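Dropping a structure here in structure tokens format, bear with me for questions.
Labels run A, B and C following the written order; every chain starts at residue 1.
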């Protein structure tokens, strides 16, 4: 078969990969902020939960997390009488998002802590509350610091979506596997697959660069 | 039964205890794959680092492109590629070796950057001082640059070792019997995934905590000014 | 004399083993312009930072407007102040920092209006009007929409002054407001401060190394040394005929 004949099926898979990347990156970003800020909280319960989340998801393997959510969680639900069977998409987005979110949380925490104490003193002198200082002074300044790391994490996340093919979700890798099983043309298929991921990674990188520039627009020329 | 160990399904605790030895055998494979993959990453990464800093553009640019390509594509797909494509060219490796090779290849893109950053950080002035002393450049590299770069490189490499360890479960797709694969097989056969998969999670936490602590210890005891020369 | 608006009563401040303020007694009257001079490390900034509640005290009592700053009265006498009490007290004070400490991610106008809107509850329109008036006052009416990094140091510091004034404090603290500036930019900032001193009944506390300026605008100059006021008096008395040998040495060193 000619390689172009594989394209329609691969494109379908690629679309699933794009969606998975988008949703899990958004979930990851949300988790990163919630738990990154939570880790800095003075409330010990909030801090404890955040640290536990970060340590568990960074300390174990993504594939273990994915399998746990997909295979083990329903049994845990059974034991307490709740139906916790997740469709593959949900298990995939949850595992990817929570995993990348744990790494992101450390980025968020680091960037917030890196904001100079001068800024806290100015905020205090102007009588801002702690919450106002966090959300109006510290975080807006920390976000541009986070963006390069977030860019790396987004590409990492794109690559990680390949793992969901292992819980039979029809992403790009899954489609390629199907075609290879059928045609045995490994070299062609996997070469195409690698280049498609590479192309998507370049797009993700470009988008993150744009976001980075947008977030840091007050640093360069003001507009 | 797996690896000659029977599981005991009478109650959860007994089950957990009975499968622990099986999981530990899987863990041993995980550790082996980590070590071999890390070694490959160290060697390949060094080669890439040297190529990327080659004076000729015709070597440096392709090397950069290749490492960027490796870095931006999934480990799983690279693994499939090696596993299915190499045999077509007559290269047949055991699954374990293919897996370790894929791990090493993926991480060589990262380690090559670590080498480069470490060597650059030693700084131009050190080179100039060496030149002023009339040291030959090979000697400058082995006696001045390398001893000072190592303390900077080691902690970053250590972190990648931990990352490799967390990526080993991907090797299960090519039938490597590492810890997650073993747990999955137990689950498939007993219809109890919860206990083996949770145990794998717990064992992973222990492994990464121990490995990270090791990296920190190494970092603490490495002389920051560079290794002393004999 | 009336009750002082600021009063330090045997205030002690330590950093670890280092005693920075050693039972300091210090008073400022309402509307008074006081300059604080002294060698590096003598505790000048610390006095301002304690007043701005950026630094706690280890002993003694500070009162502002007749009320204890770092304490509030509880069932068993004075107890350490709560955040609510500190917030109430802070409303009387404003501070201008050596490094300006503007918010880099906000426009000049926003730097000035943010706190009035969020903290004082002004409407955006009111805050904007107030902000524009203040920018006029510091001579930066045409820079409202720029970001701080687009301004010179002198301009940034004038924004810093406007930002502090926007909260309508009755006491304004200046910690070496011109030390971080290139020499040619010092003048424009001093002019603004000088005008404030003349035209407003603000109480002003100014830590500075600009001796000539201190002499021009102050009602009183305090010479700090080793966490104590070694000598104080009118600018004329202190600068032309200091009583203490230590003051003389210091002035000789800085005026040469």
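As a working rule, contacts are C-beta pairs under 8 Å (C-beta built on N, C-alpha and C of every residue); 3 or more make two chains touch, one makes a residue touch a chain.
Predicted model, so just to flag it, every value in this text is computed and none were measured.
Asker: Touching both chain B and chain C, which chains are there?
Answerer: Common neighbours, chain B/chain C: A.
Asker: Could you name the chain whose CA centroid falls nearest to the centroid of all protein CA atoms?
Answerer: Here the chain at the core of the arrangement is A.
Asker: Any chance you could check whether A-B or A-C wins on number of contacting C-beta pairs?
Answerer: Result: the pair with more contacts is A-B.
Asker: Would you mind pulling out the distance in Å between where the CA atoms of chain B average out and where those of chain C do?
Answerer: Distance between chain centres: 56 Å.
Asker: Could you work out how far the Cα centre of chain A sits from that of chain B, in whole Å?
Answerer: Roughly 22 Å separates the two chain centres.
Asker: Between chain A and chain C, tell me the centre distance in angstrom, where each centre is the average of that chain's C-alpha atoms.
Answerer: Centre separation, chain A to chain C: 46 Å.
Asker: Note the residues in chain C that touch 2 or more other chains, in rising order.
Answerer: Within chain C, no residue touches at least two other chains.
Asker: Taking the touch rule as given, give the residues of chain A at its contact with chain B in the complex, in rising order.
Answerer: My answer: residues 55-56, 58-65, 67-68, 71-72, 75-76, 79, 155, 159-163, 165-166, 173, 176-177, 180, 186-187, 190-191, 193-194, 197-198, 201-202, 205.
Asker: Quick one: in the complex, what on chain C touches chain A?
Answerer: 52-54, 87, 90-91, 93-95, 97, 99, 101-107, 114-115, 118-119, 145-147, 149-150, 163-164, 167
Asker: In their complex, what parts of chain A are in touch with chain C?
Answerer: Of all residues in chain A, those touching chain C are 118-119, 121-122, 124-129, 132, 136-137, 140-141, 218-219, 221-222.
Asker: Across the complex, what residues on chain B touch chain A?
Answerer: For this pair, the touching residues of chain B are 69, 72-78, 80-81, 84-85, 88, 165-170, 172-173, 180, 184, 187, 192-194, 197-198, 200-201, 204-205, 208-209.
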